[in-house]
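Order of writing sets the labels: A, B and C. Residues in every chain begin at 1.
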Amino acid sequence: MTWRRDWSRVRAIVWKDLVTERRSKAGFSSVTALGVTILVLFGFALGPDAQVLRDAAAGALWLAALFAGVLAFSRSYQVELESGALEQLLQYPGSRWTIYVGKLLSNLIFVGLMLVIVIVTAIILFQVRIPATWPSLVAILVLGVVGVVVLGTFYAGMASRIRAREVLLPLLLFPMLVPVLLAAMSASKALLTGDLMHEASAWTRLLIAYDMIFLVATLLAFEHVIEA
Amino acid sequence: MDVQSELAVDARGIARRFGPKWVLRGVSLAVHPGEVVGLLGENGSGKTTLLRILSTLLRPSAGTVSVFGRDIAIAGSEVRDDVSFLAHTPGLYDDLTALENLRFAAEMAGGSSVDLRDLIERVGLARVADERVRGFSSGMQRRLALARMILRRPRLLLLDEPYSNLDSDGTVLMNSVISEAKRTGSAAIIVLHELAPAAGILDRTVTIVDGRVMGPSLSSGSRPKSAAGGIA
Amino acid sequence: MTYASASIPAVAAGRADRWPWFGVFAFAFLILSQAIAIITSPADRDMGDLQKIMYVHVPAAWTTFIAFFVVLVFSLRYLWKRREKDDLLAASAAEVGATFNGLTLILGMIWGRPAWGVWWTWDARLTSTLVLFLIFVGYLSLRAFVDDAERRAEWSAVVGALGAINVPIVYMSVRWWRTLHQVQSTPSSMDPAYVLGLRLNAFAFLFILIYFIRQRYHAACLQRSTEHAEEMTALGGQQS
């Protein structure tokens, strides 16, 4: 019985997050615009040569997703802090992990949607040729996004209550995301260029392991960081 | 007469520090079911911190608290079943309507059989039930937060300066809600700046000075019954 | 569960006297090990005497890992038991570990410059060590920005544990990143002539690590004891 209660709480939080974001108008557009802007800047940095751009496309895409994503995670908690809503959230009976999972899911949806737009932009700007193996590419993207969102949601939740949160969040988060970024970037790049060494499957296994390990670890740890 | 031996709140030696600063320095408080206690004190005396500890939002640095017989440190989740905290900042979602805010609260509290529109009407917000909270005045937000508290049907009501920004109608509403809760055996602790709005409903007052409890204060409008608040 | 702040270990006068001797021993052992290593190992055919940097660089790397492991163990212990001294020990290990980490990196670069011609080649091990260093720095920054002792302990325990879990994953991913394309491997073949020097110095660095961590921990405990004394004064008059 409590399982159903907990899951209806999770659903309630996801619904609440998505509706508030959609209605606030600013959120989704600005985060997506940031992702696109970062891609454009990368384009400038790497130069107009088509081959250079194609080689760098995977890396640029993931970095743009990362920076825009960090913004999204922070905003998700900002909403709660602004009106003192987080305190009320912590007031309700039931397990606190429901708050975490709810935020996780709404962030996944949010970042996922943003990523779709950013990917389309990257394909255009970086003159990417879509490979025959694009379903594997989608799988890599999903796994990578999960990894980024899991740790991002967790650390953002903690950082939101510290005074130097703008600098502390990236400082804590980015080194932790090195395996995800390496795996996602390398696998994406390999798949885009034909994956001659069949390395994508190795990276996929790493991503799956990483996602599972940290999903469990952060679930266990959330209770510790959300209380004062 | 029903003698309930279980205390609504049994707090002993509560101390809390923030960094190097001690905000509460050994507060003991006993509240019986059906009692309405007013908490008085200057800004920064620790009243709000005490309330936040009682609502399980903060852990005390020292001391123990039991709510209806349950130790907060061990059974926090069960305690939250019984407690509702009306904070000074209402904690509502600006982009949701009044009704949606209540529906969310009901869902998070584990489901509620209360008719939400009736509840909204009761707090005098029927007109704006389907409007976003962003446009609400602070008095209206306080009423909606009160509705959320009623929804929870708590056995312990914790209210932090609930009368600020309320007009006279709102004050009457607030007092009627607290009185009704009192009749059903719930207890209430109200943080106050001044006694006047709560005059008719308080059973006693406790004054906090510099993180410690001073004797129950005497002022017009309140008749302290027992010295159950300890002097630390 | 309230913060078990009364459990700061009181430093008994008798026991404290032993540690300075251990410090002297550790440093003497280090000097001896370095001397033996330098004297007994022949010059490497490629690197010449530069190779001798390895006797500091490699043990420093090993002690970095040991320090991180200590952080993991005591972070988990803190989350389990909520004893303040576990938090202080984890933090001390992190500080000392970060220092050894920095040393490893600098020596790696000094070694690399003449050997490879550049200061940095994104070598797998060195790069992983750099990421490790950033994780340490994150942990220490977090501690610097949180004032409330209990919150600081709780959060850094979580961050420390998560960071430590990530260490093997980081190493693996960076190694794959470097080796899945290229065939070139980093020079790691160990001439038996070097082994004695390395083993000796490994122990020497371990002793130094233990000594440093303990000294840092001791200082942290003293500081906390002072803070507790101030707290008791502030609470003064409490009868509970």
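A few remarks follow.
The rule we apply is simple: contacts are C-beta pairs under 8 Å (C-beta built on N, C-alpha and C of every residue); 3 or more make two chains touch, one makes a residue touch a chain.
Remember, predicted model here, so these are calculated numbers, not experimental data.
Of all chains, the one whose CA centroid is most distant from that of subunit A is B. Here B-C and A-C are compared, and the pair linked by more C-beta contacts is A-C. As a whole-number value, the distance joining the C-alpha centres of subunit A and subunit B reads 38 Å. Work out the mean CA point of subunit B and of subunit C, and you get 48 Å between them. Taking each chain's centre as the mean of its C-alpha atoms, subunit A lies 31 Å from subunit C. Across the assembly, subunit B contributes residues 59 that each touch 2 or more other chains.
With touch defined as above, residues shared between interfaces to two or more other chains in subunit C number as follows: 148.
In subunit A, the residues that reach two or more other chains under the touch definition are 228.
By the touch criterion stated above, subunit C contacts subunit A in their complex at residues 79, 131, 134-135, 137-138, 141-142, 145-146, 148, 151, 154-155, 157-159, 161-163, 165-166, 169-170, 172-174, 176-177, 180-181. Interface of subunit A with subunit C (complex): residues 158, 162-164, 168, 171-172, 174-176, 178-179, 182-183, 186, 197, 199, 202-203, 206, 209-210, 213-214, 217-218, 221, 224-225, 228. Contact residues on subunit B toward subunit A in their complex (touch as defined above): 52, 55-59, 77-78, 80-81, 83-85, 87-96, 100, 104-105, 107-111, 132, 148.
Subunit C makes touch with subunit B in their complex at residues 1-3, 5, 147-150, 227, 230-231, 234-235, 237-240. Interface residues of subunit A facing subunit B in the complex, by the touch rule stated above, are 5, 8-9, 11-13, 15-16, 19-20, 23-24, 79, 83-95, 227-228.
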